[in-house]
Every structure is written in C-alpha cells, then in structure tokens.
Amino acid sequence: MRGDDKKDKSAGYQRVVLKNASPYHYMKVCLVLEDESTKLSAVELKQFIITGLKTLYGEVGAALNFDLLKYDEDTRTAFLRVCSRGLVKLWSSLTLLGFYQNQACAFRVLQVSPFLLALTGNSRELQLD
Amino acid sequence: MVRVKSRYLLCEVNVSDRSLLLLLDDRAIAAAVKSVVARIHGDYGAALCSIRFSVKYLNAHTGIVFLRFPKRCYKLLWSALPFITSVESRGQNIPCFLNCLHVGGTIRTCQKFLVRYNTQQLHRMLPKCKNEEERQEVRKAILNCSLTRQNKETFQDETESEEDEEE
Amino acid sequence: MSVFMDLNLSYTTDKNRLQSVIETAAHLGFSTVAINYGFEPTAKKKQEIPTPKPINELIDQLPIVQGRSRPIRVLNRLTVVMSDSSHFRPNAAEYRSFDLLAVQPTTEKLFHSACMLLDIDIICISVTEKLPFFFKRAPVNGAVDRGVVFELCYSAAIRDSTMRRYTIANALSLMESCKGKNVILSSAAEKALELRGPYDITNLGLLFGLSDAEAKEAISSTCRSVLLHAETRKTASGIIYTTKTCSDSTCQQEAPARSELCEAPAAKRPHLAE
Amino acid sequence: MSVDLDQTPRSILVWERSSFLDEKNRINSEVEQLHFNYKVSVLLPECSSTPPHLESVLTSFSRFYLVRNLPLHKLLDKEFLETAVYQGSVYGLSYRTRIDEDNCVALMPNGRLVLSLDKDSFQVLGFEGKPSTFGNRTKNRFVVTIDLTDSSMAPGGRGYLRLLTGLTSRLSLQMDFLLSHHPGGGASLQPLLSHCDWSEHTPEISTQSLTHLSCPEPQSCDPHSFLEWLGAVHTDVSSLSENSSSNFLSSLVCPEPKTTLSQALRVSICGLLLPQDVHHLVQELRCYLERSRLECWTSLTVHGFVDSPVSWGDREHGVLRGGENFYTLLMFHDHTYHIHLATGAHDTCPP
C-alpha cells in the first residue's frame, strides 16, 4: 500500500505518498457512569475494555492488542491506541459495553484518527463564547 | 433470482475410540460448533453462526460431517473449529477433534471429494489387509467407487448426501 | 448527508428521564429525535391508541445540539406491534396526530403486507427474538420502492448478550435482502446511557453488514427520506398540503423544509399505491 | 456487503524532504494553500522559555471576528466586496456547522465562495454546482463554487443577481461566521461587521515546558513513528518517558535510536489563523534555528479546520469519521526540512 510518487535524489528532494499505511489508529474516549463518584483506575479500565472485547469477539477479541496511552481518572477520559485492523472491533465493543459492575455506563468516543497528532487539534472543540 | 451462497465444510471427527462415534448425532455436533464459536469469537461469532448454519449430514460410522456456513463468514467460523476438544452427546462427553478435509461451494463437490478421499483411504488400507478375503473385499470396494453407482454400504454417506438438495 | 437523527426514543411517563434522554441526544449531536409511543393491541380487550404528549409539555426548553447553534427538533412517532392484520387500522384518526408511523410485524404475512400495502413510514425489525420468518426479496424490494424503511434498534444489544446475538443475526439477514438500502439505525433507548453517538453507530453499522457510507446514511440521509415520506403521507402526493390553523411547534427551525416540499424531487415523491 | 471488520477508512500521509535553500521547494505553497488553520503547535527542543522574537510573532497573529447569524447574502454586499474581497484576502468560514451534516460555507482569500450544501438547500438555491466527490452512490451533498472576482459576479452582473435572489428569497441561509482579513484586519471588514452582531477574538496562546523527554532521531525516523511520537508529546502521554514495552497498560515506546532531551518547550496557538502568519512563524523559526548554537531542530504542526469545505487550495474536504487535515514541518539546522501532510478519508491527496 506504499506508493512512491516521485523521487528526485539529485536535488535532495524526495516525496513519498503513504496510503492507508498508518499502523495504528488512536481513539479519545470518555467513560460515563451512572454513579459519577465511582473511581476507576487505569488498570481497571483496561480490564473492563478487555471484558467488553471478550464478550463481543470471544477469546480472539480478548487477545486484541491495544494500548492505554493516557488516562485521566477524574474525567475518565482515555487515549487508546489500537492496530488499524482492530479498530472496528475495539470501537464496536466499546459501543456495546453497557454495564460496569451492575451499573449502567456508556463509552463516549470523542474522536478517532489514524494520527495521534490529529487528536490534539480538533476544531470542533473551538469554543468562542 | 440470486442464489444464497454457502460454503460446505467436509470434516472428519477424530476420536480415540471409534465406537464412541456411534453416539454422535447432528444436534450434538451443532451444539459443539455453536458453543466453540461463541467461546472463540464471542457474541459476534455466535450471531454469525446462527444464520444458515447447519449440520447437513453426519455419518456416525465413518465420522464424516458436512457443515454449512454462509459464504461471507465461513473463514471466521472455520477458524474456531480446531478448538473443539469434545462433543457432549447423549449425556456423555466424547473427547474428539474435527479435521477439516475439504471446503466446497456445493454439497456435490464435497461429495466428489469424499469419494476420492475414501478411495485413497482404501488404497492405503489394502497393503495392511491380513488375509486374502479382506483384500478381495477392499479391491471390490475400490472398483465400486464412483458417483453413479452407490450400492456399497461403505459409501452410504454419498447416497444420503445426494438427497440434500443444493440451494 | 443530512443531519443526524435518532428516530426512536422510547416514551416513558417519567418526565425527568425522558428529558435527560433528549438532552443526551442533543449533546451527542443528534439534530432530530422522535419520541416513540408503543402500541400493542391484543385480541382480548380493546385498547386506546396512545395520544402524543405535546413536546412543550414534556420538556420546557429544547436543548441546543452540540456544536451547533440550533435547538434539537423533537417529533412523535407511533409503533404498532402487529400480530394480526386487524391491528393496523388504516385511516384511523388517532394516527394523524403522530409525525411518524411505524409497525412491527410478527409474522411473514404481516411483514409482506407492511412492505407492500400499509401506508406507513417505518417497519421495525424485531431484535429481541430469533426471527420468526425470513426476509424475502420481493416484499423487501417492494418496501424499498415505496420508500418505506426498515429500522434496527441497537439498545437491546447493549442491555443483554443474547439480544446482542439476535440483533446482529437479524440485521445481517435483513442486509442480505435489502443490500443496505432503506435501513435506519436508531436507539430505542429508555435511558440516557443507552444512547450512543452518531459515529459510534456508524461503526456499529459495520457489524450489521453495512458499509461505511451506508451506515452513515442510515442515521442521516435515510432518516431524512423517512421524514419526507411521512410528510407526503399527510399530503396529496406531496403537492397539496392542508393544515388546520394550529401552530405546529415541532417545525420551528426547519421552516424552509415546508415550502420546499412542493418542489420535492421526483425520487422523494410519495409512492402511494392506492 | 462483507463481514470484513479489518478495513479502516482511507488515510493519506505525504512525506516530503527538501531544503529551504532549494529554489524549487514548495514549502511556501504548501503553507499558503491550507487556508483555514485552527491550531499551530511548535515544539522547541532544548529550550526553556519562549524566545522573545518568537513570542512577538505569536502575539502579532491577526485577530479574527465571529459574526453571529450572518445572512449569507451579506457577503455579496457591494461595499464589502469592494473594501474587503477585491482588496487583499478575506478568510471566512462558517462556524458551528458540520461538513457532514449541515451547510458549510467558506470564503477563500482568492475571492472564491464555496458552499457545501445538502441536497435540499442545493435544489432550493438553484445555482450551478457539482455533486460532492465523496457521496459515492447517493448524491446528497453538492458543492457550489463561485468566483466573486469574476466579471459576471460583479455587483449588478447576471450571475451576481441570480445568486443574490437565490440567497435572499429562496434559500435564506444564516450561520455563524469566522472572518479575518489580510492585511486590512478589522477595518476592511467594517462594512460587513457594522450590520451584524459580532465579537473580536485574539488567537489563544498556550505554553508548556516539558522535561526529560525521550526523543527519536528526527532525520532518520520513519514518518508514521515520528508523527506518533510527536502526537504523544503533544498529548502528554506519560508512558513515553517510562519506556517499558512490557507494561500492561501501554506498549508505546519512543522509536530507536533515541536520545533524551533534558527540556523542551511546547507552544500552541488556537483560533482562525491566517497562512500569512504561519508563514511568518516559519521564517522566525528558521532564524531561531540559525541563532541557536546546537545541532538542533524544531517542529511545527498546523491543523486545518475539520469542517472546512476545502483543505489545500480548493481541493474538496469532507468528514467521514474524522476530518483531519494537518501538516507537520520539521526544520533542521542546515536549512533542510521534512514535511508530513496528512488527510483522512474524505479528502484528496495533499499537494
């Protein structure tokens, strides 16, 4: 999936077009719980997501690798990294997770991108008043 | 009218004690497949496995099973089959594993394959025969291997599978 | 693409809960929602068709859609669960007070008539049980031609693992027949936490056998067609529209939509067979 | 229809290497063609406080104006055209509208007005346009491009009157609008602003200093890994500094070979930013690199608006799941640079 557009070594100029080559996708998610006071550590969150993967995609799903890059315990907002092939699986299992320890919960997926940098500059977050 | 496409998996049930094979029935195999798919591929796999999945044919003597899966997800479902370690049938737990021999688009191609496969098996058995009588019987069986003539009991599976109409 | 819609929020008598559902929907970015009144007639006793509560009684101030400067639009919808053909009474005056009309057929025969004959907007696909019938190509195509859409609800899939299997399996069987056309995805949420964001639903659509673009259409453009279809149901071929002189509070922000109906494109004209 | 869950929507990353000293370098056009910039972030390795020159460039970024409920036909106002559009460049972008749902409008510095309309609005407007390239099967979105500097669009012209009647009597579009003008600023926009409810905004600057950062070798690092690392720095991912790949939570590590930066400075600025200002910033960063004694580098990331109807030049832009359009410029001491241009699914290949 790698296409070299043009290469001009002599002038020190080089251009490479990489299509669909991003090895990972990044997600910014926020967990909403019925009881807002519940504390959830990073390890618990990751375990919880793995259970979600396991119910929806079984043992194969539970083996899906993803990383919890950053987690803020107060807002329960996390940055996840998952290999591009596993994005749909991870995302759908987050969507279908409805209960955390018998209380209703919901994952709000705030942004998804093949570039981690894109998560730092989302113009939809611009608040002017 | 568009044909609904399926894939037929021709599998062999391998058990340590062949007498246990007789305990098997369609429903037991189907339940085993469903539960292993649910374990390996979760709810999503279980959902896929509930559409048009069926055990088309089972020969309890030879341990041959025909499984039908929808064409677009057969690979996913197939990938769970190696994880079957036992089949629960008639209150008994039969340790076994499924060995997939052939994947075909119609029952007929699977059947053709099965005939060829069985012929090969007979050829392999031939040198192992203990007396002349057995040898003769195996030779006769090999000669009878063809799709048009299904008279031998050994190939009972074929006669039955032809009764299933193809979709 | 048009705005995101969720055409099925379950009605509850608990006003606070309904308010929080609508607020969450607005927060997630849905611009239009419909409150669904279920109606399940039984053979034994005659039941009243529910009447929709006016929106301003349910919620004092409509919340602003996230990231936008307009308030959410709230509609009413009636879903009739049909187990007998007499359960749907065409021309019933009670139906007229609803913006959208849906049926949930429980047998193949009723499914056929819902697709081909009944003057409705939405056919609900049951997701809480194994399908009692197969989706035949002919009625499904008929429904697609008439502009009637099929609805899949996802909140049952969040509640329970068995339901999730039924939801995915029934959705996939439906997609086999309708090829992703005329499908809408909605929540049927009873609680705010059963709602999911529009992009989440788009992704969920992939599990139901839709493509990326089809899944996004299922919560936007197809829903828009449903609204247009519903409008034409109330009019004569979408050309003449009569209205009683009562102010229609639900249409406040889509004022242009009204005038433009008269010049609706041919494809969006009603397919009133009768 | 398929059950293939492995696929993800398309994404494109263009990686380019060149030198500022090369006359044929395209950096200026690449910077200037991304018209609507939302955020610029700069990473200065081995730097503890904002250099004064840089600070002054950042504070001199043009102000922009938010106009509430701007009736779109006001953009065709004769006075506005004469004082703003024909004189210099106007940057205008609809605000609080989403490109995949609503009608979005952009006024580009070359005097082109781009309307990305849904089907209903397009049909009501009755002006020539073409279906969006991203609509595949169903044509639900249409793009109308109007060159306001064209003779037929001069006030009183045929096209002008048609568009004006379309926007006044048939489709009365009203939306919040972000506006900026180069070089006139607010003064040139006065004819428009005087009729409306507006507010002035200055781009927001924020600065963070970072310490003990593992850092890859920017010259040789593979583009995706480098962008990932840069993203991790900008999102404050802590596991980067721990750097243990066996961690249960995250296996993200800094690409090898790596060095450790004792300190670094991250400066970002947010708002409707003009390419001209970004260009200044690039020049200033080059001067900064020249002044610094070390074998040093610096990076600049510019994010475009997600809901802009155009990305680079007048290439159409849309949102499937995320409308990322950004570039990262990596500048080195010896005047060479690397630029990474990235777009999402509903976008064409960057220039």
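Note that the chains take the letters A, B, C and D in the order they are written out, and that residue 1 is the start of every chain.
Here, a contact is a pair of C-beta atoms (placed from the backbone, for glycine too) under 8 Å apart; a residue touches a chain by one contact, two chains touch by 3 or more.
As the structure is a computational prediction, the values presented were derived from the model and not from experiment.
Undergrad: Would you mind telling me which chain pair, A-B or A-C, is linked by more contacting C-beta pairs?
TA: Greater number of contacting C-beta pairs: A-C.
Undergrad: By CA centroids, point me to the most central chain in this structure.
TA: Central chain: A.
Undergrad: Based on the averaged CA atom positions, which chain is farthest from chain D?
TA: The chain lying farthest from chain D is B.
Undergrad: Can you check how far apart chain B and chain D are, centre to centre, with Cα atoms defining each centre and the answer in Å?
TA: Each chain's C-alpha centroid was found; their separation is 60 Å.
Undergrad: As a quick test, compute the distance in whole Å between the mean CA positions of chain A and chain B.
TA: Inter-chain centre distance comes to 42 Å.
Undergrad: Please tell me the distance, in whole Å, between the geometric centres of chain A and chain C computed from their C-alpha atoms.
TA: Centres of chain A and chain C (C-alpha means) sit 31 Å apart.
Undergrad: On a C-alpha centroid basis, what's the spacing between chain C and chain D, in Å?
TA: 38
Undergrad: Multi-chain contacts in chain C: which residues touch at least two other chains?
TA: Residues 67, 161, 164, 172, 176, 199, 203, 206-207 of chain C touch two or more partner chains.
Undergrad: Give the residues of chain D that touch two or more other chains, as numbers and ranges in rising order.
TA: Correct list: 1-3, 5, 98, 321.
Undergrad: Would you pick out the residues of chain A that each touch at least 2 other chains?
TA: Expected reply: 55-56, 88, 92, 112, 124.
Undergrad: So in the complex, which bits of chain D are touching chain A?
TA: Residues 5-8, 10-19, 22, 24-25, 38-39, 41, 66, 95, 98, 199, 201, 223-224, 227-228, 230-232, 234-239, 248-252, 270-271, 301, 303-307, 321-322, 324, 326, 328, 336, 342, 344, 349.
Undergrad: Name, in rising order, each residue of chain A that touches chain B in their complex.
TA: Those residues of chain A that touch chain B are 53-61.
Undergrad: Sort out for me which residues of chain A touch chain D in the complex.
TA: 5, 11-26, 42-43, 46, 65, 67-71, 79, 81, 84-89, 92, 111-124, 126, 128-129
Undergrad: If you look only at chain B, which of its residues touch chain A in the complex?
TA: 37-45, 79
Undergrad: Write out the stretch or stretches of chain A touching chain C in their complex.
TA: Chain A residues touching chain C: 32, 34, 55-56, 88, 91-92, 94-98, 104-109, 112, 124.
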